[in-house]
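Handing you a structure now.
By letter and in written order, the chains are A, B, C, D and E; residue numbering begins at 1 in each of them.
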C-alpha cells in the first residue's frame, strides 16, 4: 500500500513538472489562440541561457538576465512572426511556432553550446522518507520533487494573482474571452502578445530551472514539450487550473500504469498511456477537463 | 506567359474535369515524367537516386496520405509516422511469413493493414476536433511506436527488435540496384498520386472537403460524417502504410520503430503545410522542400569551401530551416502549391497583371 | 507579399544551384578517404561529440606526424546524422563514393544506422567498423562479411559484466536466486543484450527483468520506483546520452546503491556521471579501453595536433572515456588500412581491400606500444570467421571526479557466445537468402 | 401565379405536438402543423419565436423531447440529419453554410453526393462507371447552374462571391439534392430589392417547374404574403395562427405578436 | 472603261477551287448543307457554349436537325414564299432555322434582337412574316406585344423554354415540339426534305435583311441564293478559307456580315461556327474558342485595345517596360513581317523574342492566337488601332461592303494592307467613282430589290446595273479605294472649303479618350464638334490623376477633361493642316456632351453609327451655341431609361476653343 502511494506521489510530482511546461502553452493559447509548439524549445533556451550566464555572474543576476532574454525573445517573436501572421488560421500559427522552435533549438545551441551543463541553483536533491508512521517503510520522496511542486504552486499562485488583480491581467482575460471585444475597448493586441509571450517565457525559465536541475541542461529538455501535450488536452487548452490538475492526473496515471500494468506488456507504456488516457477522457468531454464547452450552431 | 490557352476549349465534361485541362500542363507533366522515368535514371548518380529521389518520392507519397486527411478532410494528424510503421511492419511480416506473396501484393496488403489501424484511430475524430484531435493522434503515434518495439511477434522475435527486409523481387526480377528500386517506387508513386487526384476530384473528395469546410452543413446534405472521416483516415493511412513499406523495404532496408517516430510525423506535417494543404502537387513540393533544404544547407558550406564544423552546420541548419518555415508561412500561408497556383495564374494572364 | 515570394524563389533556386555545384567537388587523388558519420547535435550530442573529436584528432595526428598512413594522407569528412537512421543512410550514400578509391571504412556510431547499412554495405563493398556496438551476430564473418564489431559485441559486453558480477558475488554459482535488472534504451541498441542475459539467467538461475526506457530517456521515474520496490541485486544499465545521467539521478532519488549499478561501455563516460554530481559516486561501468591523457599517443596529439591549433576538442576533454574510444577506433581503422597496404601497396585503397586488411588485422602488444597505445587497449587479432577479434573489457568506477578501474581485463566467454552467434547468423542468412562464405577456403 | 400549373397534393409532412427545450428553455411548445405536397409554406414569427428550431427539428438537427414528425407517411420521433437528407429533405441556412474552400460547381456537386454510388475503388480509378457517373451528375448540376443563372461563377471559390450569389449557390446545392421538401431559412435575409426579386422568382420557379414543396422562414412580410400558399405563425415557441396569407394577416393574435403586446 | 476598277476572278486567285468543285451542283444553301453532310459528316459545324462546355454538332447532325425542323415548319403550314422571322442572339438552332426555311422555299428574315417591340413590329409587318422563331421569353414577350397589331404573324416558336410554362397561347410552340412534328412527318414521308430542297434554285430568295438605314425606316434587302453563294465562294477562294476554320458568331444575325460569315462562308467552306454563351461572355468565349477567322467592327477592335492599355497600366514596371519596348519594336517590324517583306536578322530575332514574351501571350489572352484572317469594316478604323493588331501578328484587313452587295465590294489583299484604304475591288466586283465622287459597284452579289419598295430600289440601282453606295471616295495610285464620307454628308464651309464631317469624326475617334464625335460646319464659318468621352479610358485617366468625379456628366464637364480633349482636337487640327483640301475644316469650337449617345434614344443606329441629323435637331441649342460666342450652353433632352420609362435630362455645358494651324504641306520623307 505504501508503494502504491509512493508511485502515486511520484506520479503527482512528475505531473507537476509536466504542468510547468503545460502552463506556458496555456498562457499563450488562452490569450492569442496560438498553439505554441515552441514552448519546449523555450524551456531549453531559457535554461541554457541561465546555466551559461551563471558561469559569468551570480545566480540572481543571471536569472534576471535570463528573464530579460526571454522578454527580448517575446518581442522578437511578436514582431517577426506573430504580427505578419495575424488573422491566419490556427494551424498556420502552429506551424510557425514549430519553425520558431527549430530556430531557437539551433540558435540556443549555437550561442550557448550543445554540451550537457549541470545546473545547480541550490535546489536540494536528497531522498527523504515521509509518512513512516502510516506505511511500513514510509514513502520515499525526493526533496527536489517537493521543491519543484512548491515552485509550481507558487508560480500558479503568482499567475492567478496576476490575472485576477492586475490591470494587465484583466486585459489578458478580456482578450481570452473575446478578441474583438477586447480590441474595441482599446487594448492593443500586440502588447498583449508581447506580455503573454514574455510571461510564458518566464514560465519556461522556471520550468527550465526545475527540469535542468533534474536532468542537466541539454537538448533533451526541449522534448519535454511532448510530455505536456496530453496534460493539455486533458486539462483543456485554455485553463490554468486545468494544466495543474491535468498534470497531476497524467503524471499519476502514467506512473501507476507503468508500474502496475507495464510489466505485463513488457514495459515502456507510460508514453502512450498518457495520451490514451487523455484521449479516452476527451471522448467523454471533447473540450477537456476545464475547457470551454464547444457549442455547435446552425 | 508560357500558357497559350486560346482555342483549348472543352466539348465534353470529361475534358473539362480532366486532371490537367490545360494542354501546357499536360506537356509539362509529360516532360516531368519523361525526366523522372528516362533522364534521371540515365544521368543521375546513385547518390542522387538513393538519397534524394527515393526518399523524396516516398515522403511525397506519405505526404499525399496526410494531405488527404488533413488538407482535404480537415482532420489534423500527428500520427502519420505510426501509420507508416504499420505499413512497414505489416509488409515485413507478410514478406517473411508468406514468402510466396508478390511484392506488389505485399505493399497493397501493408497499406490495407495501415488503413485498418487508421480507421481504429480515426474513430475519436467523431467527437474530437482541431488541435485536440491533433494531439489525440499522437496517441496513435506513441502507441504504435511502442507496439512495434515491444510486441516481439511483429519483429519475428529478432533479439534487437530491428528487422531487415528480405531480398525483393517482382515476377522474378530482383529489386537490388538503386535504379530498380527507384523505378518501382516511381511507378507506385505515379499510380497512387493519380489515384489520390482522382479521389479528391470526385465524390469522395467532395465529401471530405465538405466535412472540412463545414461539417454540420455536410451532414445536412446527406454526408455521413462517420463514413467520410473514417474513409479519409483509411485512405490516408493506406497511403502512409504503402509509403512506410517502401521506406522500410526500399530505402532503409533494415529498420526499427525509431525510423517511424514522431519526428517523421512532424516532418510530414511540415511538408503538407509548406507544400500546401489541399493540394496533391503541394505534397511533392513540400517533400522536396523539407528534404532538400537541409541537404542543401548541409552541402553549401562545403561547396563554398567554408569549413564549418558539422555541429555548426547542423545548428545553422536548424536555424535556417526554422526561419524558412516562418518566412514561407508569412510569405504564403497556403504553401508552395498556392505560390505555384498564383504564379501559374500570372503566367496564364501574362502580360496582364490580373 | 508579392515581393516575398520572388525573393524566396530566388533563394531556393540559388540553393539548388549551389547543391549541384557541390556535387562536382574534386578530391585529391592520392588521399585515402574516410567518411565520418557523427552527431554533434540533438539529444545524443554530449556523447557523440567527444567520440568524434577523438577520432578526428587521431586521423589528424596520422597526417601531421606521419604524413599519412605510410605516406598516404587520410582525408575525412564529417556528416551529421543526429543519430537518425534515415539521415545516417543519406550521409553514407553521399560520402561512400568520395575520394580516390571510395570510402575505406564506415563507422556509423549508431546501432540503428548499422542495421540499415548492414543491408547496403555488401552491395557497395565497404566495411563497417562497429567497435563495441552493432549487431551481436555480426561477429560471424561468414554471414556478415562486411561488419566488424571489433573489441566486443553487446553480447560480449553483457557476458563480461555478468562475469564481473559473478566475481563479486563469489562465482556464478552464487548468482542463483539473485535478482538482476536491465534498464535499457528502448531501441535495438538497448535490446541487444537481452537474449544473452536471458540465456545466462537460465543457466545460472538468477531472476532477470528487462525494463525499457523510451527514447530519449528522460522519463524514468516509474522504472526506478519499480526498482525500488523490487530491489534487484544488480542493475545493468544499457543507456545512451541523457538516459544514462537520468538513470543515475533516479537511482540516487530512490536510494538505489550506485555501486550495484553497472553500465555498459556506452554508459560510463564523463557526460553520464557529471550531471548527477555526488549522486554518481560509486557508479560502475565497463570500459573497452583506458581513461586519461597520460598515454604516449596523447603526448603526440598534443604536440602534433593541438599545438598547431588543429585540435577538435577542448584540451581538458582529451583523454575522456569517449574521446579515447574515438582514438582507439581510429587507431584500429588506420591499422587495418596499414595492414591492407602491406598487400595492396601504399596507395588509396578501396573498401574491399580495406576489408582484407581488417580481416587480417593482428595488433600485437608490441604494435600497440609502438603506436603509443600501451595500456590503453588490449591486443586484437581477426580472421575471416571472427570479426570481433577480442572481447575484453575492464570495469571502472566513478569516485565523483574520475574513473578508476576496479577490475582487470575480463574476457567474454566465447564458448557461450559463439554458438548463439552462429545460430542468430544462420537465421539471418536464411531470411536474407545469403549463402555463408566458407572461411576455411579463404586466406 | 399559384393558380396555374401545379396541383397541391396530399400531406407531405406533418408535425405533431413537437416540444423542444434546451436546458430548461422552451424553444418549441406543442407545435403541430402540416405541409402539403407542392405548396409553399411559410413559417413566420417575431425573433426568437422558434422558427429556426422548427426547421432544425424537421431536418433532424435538433431532437425534440416530445412529438412526432410524419414525412411521406412514415412517423418518426427522432431522425438524424443524414436520414432527413436521404429521405428527401434539403435546406438552406440563415447564415450561409457553403463549403468555402470549394468552387460553386463543387458546392453544387456535393448536393449530388447522396445520389452517387460508386465506391472508393472506382473513384480512385476514375474510369468507366465512376467517370460516367461523375459526368452524368455534372450535367444535372449544369442545368441547375443554368437555371439559377450563375454560369459565370461556375469555377469561382464561393468564399469570393458576394452575399447574394452565395445564397443562390446554396439554393443550388439544395436543389441538386432533388428534394421533395425544401426548407429555406430566411432565403432573402440581407438582400437588396433586386436580389430579393431574383430570389423570389427562383423560389417560385423551383416550386413551379420541379413541383418541389417549400417551407420557408422569412422576415419580409411582403414576400411571405406574396409567394406562400399557407402560413404558420409561431410566437414564443407556440403556434398562434395557421392559414392562408389573408387569414393570417387579419388574425388578432398575429397582430399582437408583431406589435409586441405583452403576454 | 475609264474609272472602273475590277479584279478578275477567272485568273485563279489563291487557289481553293476545291470548294467550287465540291459544290458545282449546289445552287441553294440547303443543297450545300446536304453536300456538307456528305463531305464533312463527322466534322464540327456548329458549336455553342452551353451548360459549361462547347456543345458541338457535326454537319451530319446539323443536317438531321435541319431536316426535322424544316419538316416541322412544314407541318405547321409553312409553304414556299412564306417569310419566317428569326429573333434572338446567335444560336445554332436559329442558324439552322434559316436553312430549314430556305429548304422549304421560305425566306428567313432575321430581326435585330435588341430591337424594341415597335421596331420589330415594323419588320414583321413589312415582311409579312407568318412565323417567328424567337430565342427566349424576352423575345416572345416582345412578339406578343405586337401580335395583335400584326395578325399576319400566326405562329411563334421559342427556342429556350425557360419561364414559358405559363404561356398557354395555342400559337406558341417550343422548338422541340416543332422538331417532333417534323420527325413525325419525316417518318411518314422520308423523302420530304430532299424533295423540297430539290425544288429550290439559285435565283430564289435566300434571305431578307433589313438595313438599319441612317435615315428613315429600315428597308428589306432581298438577296438570292446566288447572291450569297457566289460572293461567299469568291471570298473563301480569295482568302483560302477551308473547313478547318473556327469562328465565333457574336454580331447580330440580322446584319449581313454575320449572315455571310457565319452562314454563307461557313456553309460553302464547311467550317465551324461557334456561338457564345451570352452577350456578356463574348470575350471569355472568344478566348476559349480561339477562332482562326474573326470579324469585328472598328469599335470592338478599339474597345479591346483600350482594355489592353488599361490592364497594362496596372502591371508591374518590368512588364510595362517590356510591353512598351517590344510594342514599339513590333510597330516597326510587325506589319512588314506580316506582309512578308524583307526584315533584318537582328530585328527578326528581337521580334521573335518579343513574340515569346509579349505578342504571343497577348494574342493568347485576347483569344487571337489562332487567327489567320480577321476583318474590320463598316467604319474607318484608327491607324493606331489597326497597326496595333497587325504589329502583333494578327492579320486584320479592311473590307468595304454593304448589304446590297452581299457584303463584298473591296477587300485588302494580303501583303497590301494599309490603314487608310479599303483595298481593290473584290473578285468579280467592278467599282467606279461617279462624278459626284460617289462610289458605284457591280457584282454577282447585287441584291434583287428592296422588299416592297420599288422606289428605293430604283433610286439605288441604276438602269445599267450599277449600285450606288452613297459613299464618297476615290482610288489612289495603288488601285485601292479610299472612302471619305457619306456622299451626301460631304459639304462645304461658308468659305467654300471642303468639309467632310465623318472624316473629322473618325480622326477624333482614333483617340482612346474619345468615344464618339459629331462634327458640324456645312454652310458655317468654321467647323465645330460634339465630343463623347470614353468613360472607361477617361475614368482611368482621371483616377490616375486623382481627379474626383461623381458620374459621367461630372467627369465630362471637368475642366481637366476639357483640356485633355482640346489637346486631341489640336492634334487633329495639326494633321488637317497638312492636307490642302481639308486644312480649312479645322475644328474651332467644341463641347463635351454630358451623356453618351445612345441607340435607345435614337441618337445612334442599331449598328451604333451616329445619326447626325437627329443629333443636330435634338441638340439644336448646343449647335447654335457652338457657332456663337457663348461660353456656355444649356440643353434639355428627353431620355428613355432602360425599363422604357422616359425622363428629362438637362445640363449646362461649357464650350471651349481649340487652336488652329496654317497650311503646312508634309515634306516627303527622303
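Here, a contact is a pair of C-beta atoms (placed from the backbone, for glycine too) under 8 Å apart; a residue touches a chain by one contact, two chains touch by 3 or more.
Source: prediction; values computed, not measured.
Between the interfaces B-E and D-E, more contacting C-beta pairs are found at B-E. Of all the chains, the one whose CA centre sits at the greatest distance from that of chain C is E. Taking the mean of each chain's C-alpha atoms, the chain whose centre lies closest to the overall C-alpha mean is B. Chain centre most remote from that of chain B: E (centre = mean of CA atoms). With centres defined as mean CA coordinates, chain C is found 35 Å away from chain B. Between chain C and chain D, the centres computed from C-alpha atoms are 72 Å apart.
Per-chain CA centroids place chain A at a distance of 76 Å from chain E. Counting partner chains per residue, chain A shows two or more touched chains at residues 109, 114, 266-268, 271, 298. In chain E, the residues that reach two or more other chains under the touch definition are 52.
Looking at chain D, residues 61, 93, 97, 138-139, 142 sit in touch with two or more other chains.
Only residues 76, 124, 127-132, 135-136, 138-139, 142-143, 145-146, 149-151, 216, 262, 266, 269-270, 273-274, 277, 311-312, 314-326, 329-330, 333 of chain B touch chain A when the two sit together in their complex. Residues 12-14, 16-17, 195-196, 198-199, 201-204, 206-207, 209-210, 212-214, 216-224, 231, 235, 278 of chain B are the ones touching chain D in the complex.
Residues of chain A that touch chain B in their complex: 35, 80-81, 84-85, 88-92, 94-96, 98-107, 109-110, 114, 226, 229-230, 232-233, 237, 265-269, 271-272, 275-276, 278-279, 282-283, 286-288, 294, 296, 298. Only residues 3, 6-7, 10-11, 14, 109, 114-116, 118, 120, 125, 127, 140, 142, 144-145, 214-216, 218-221, 223-224, 227, 254-255, 258-259, 262-263, 266-268, 270-271 of chain A touch chain C when the two sit together in their complex.
On the chain B side of its complex with chain E, the touching residues are 1, 3-13, 15-16, 348-354.
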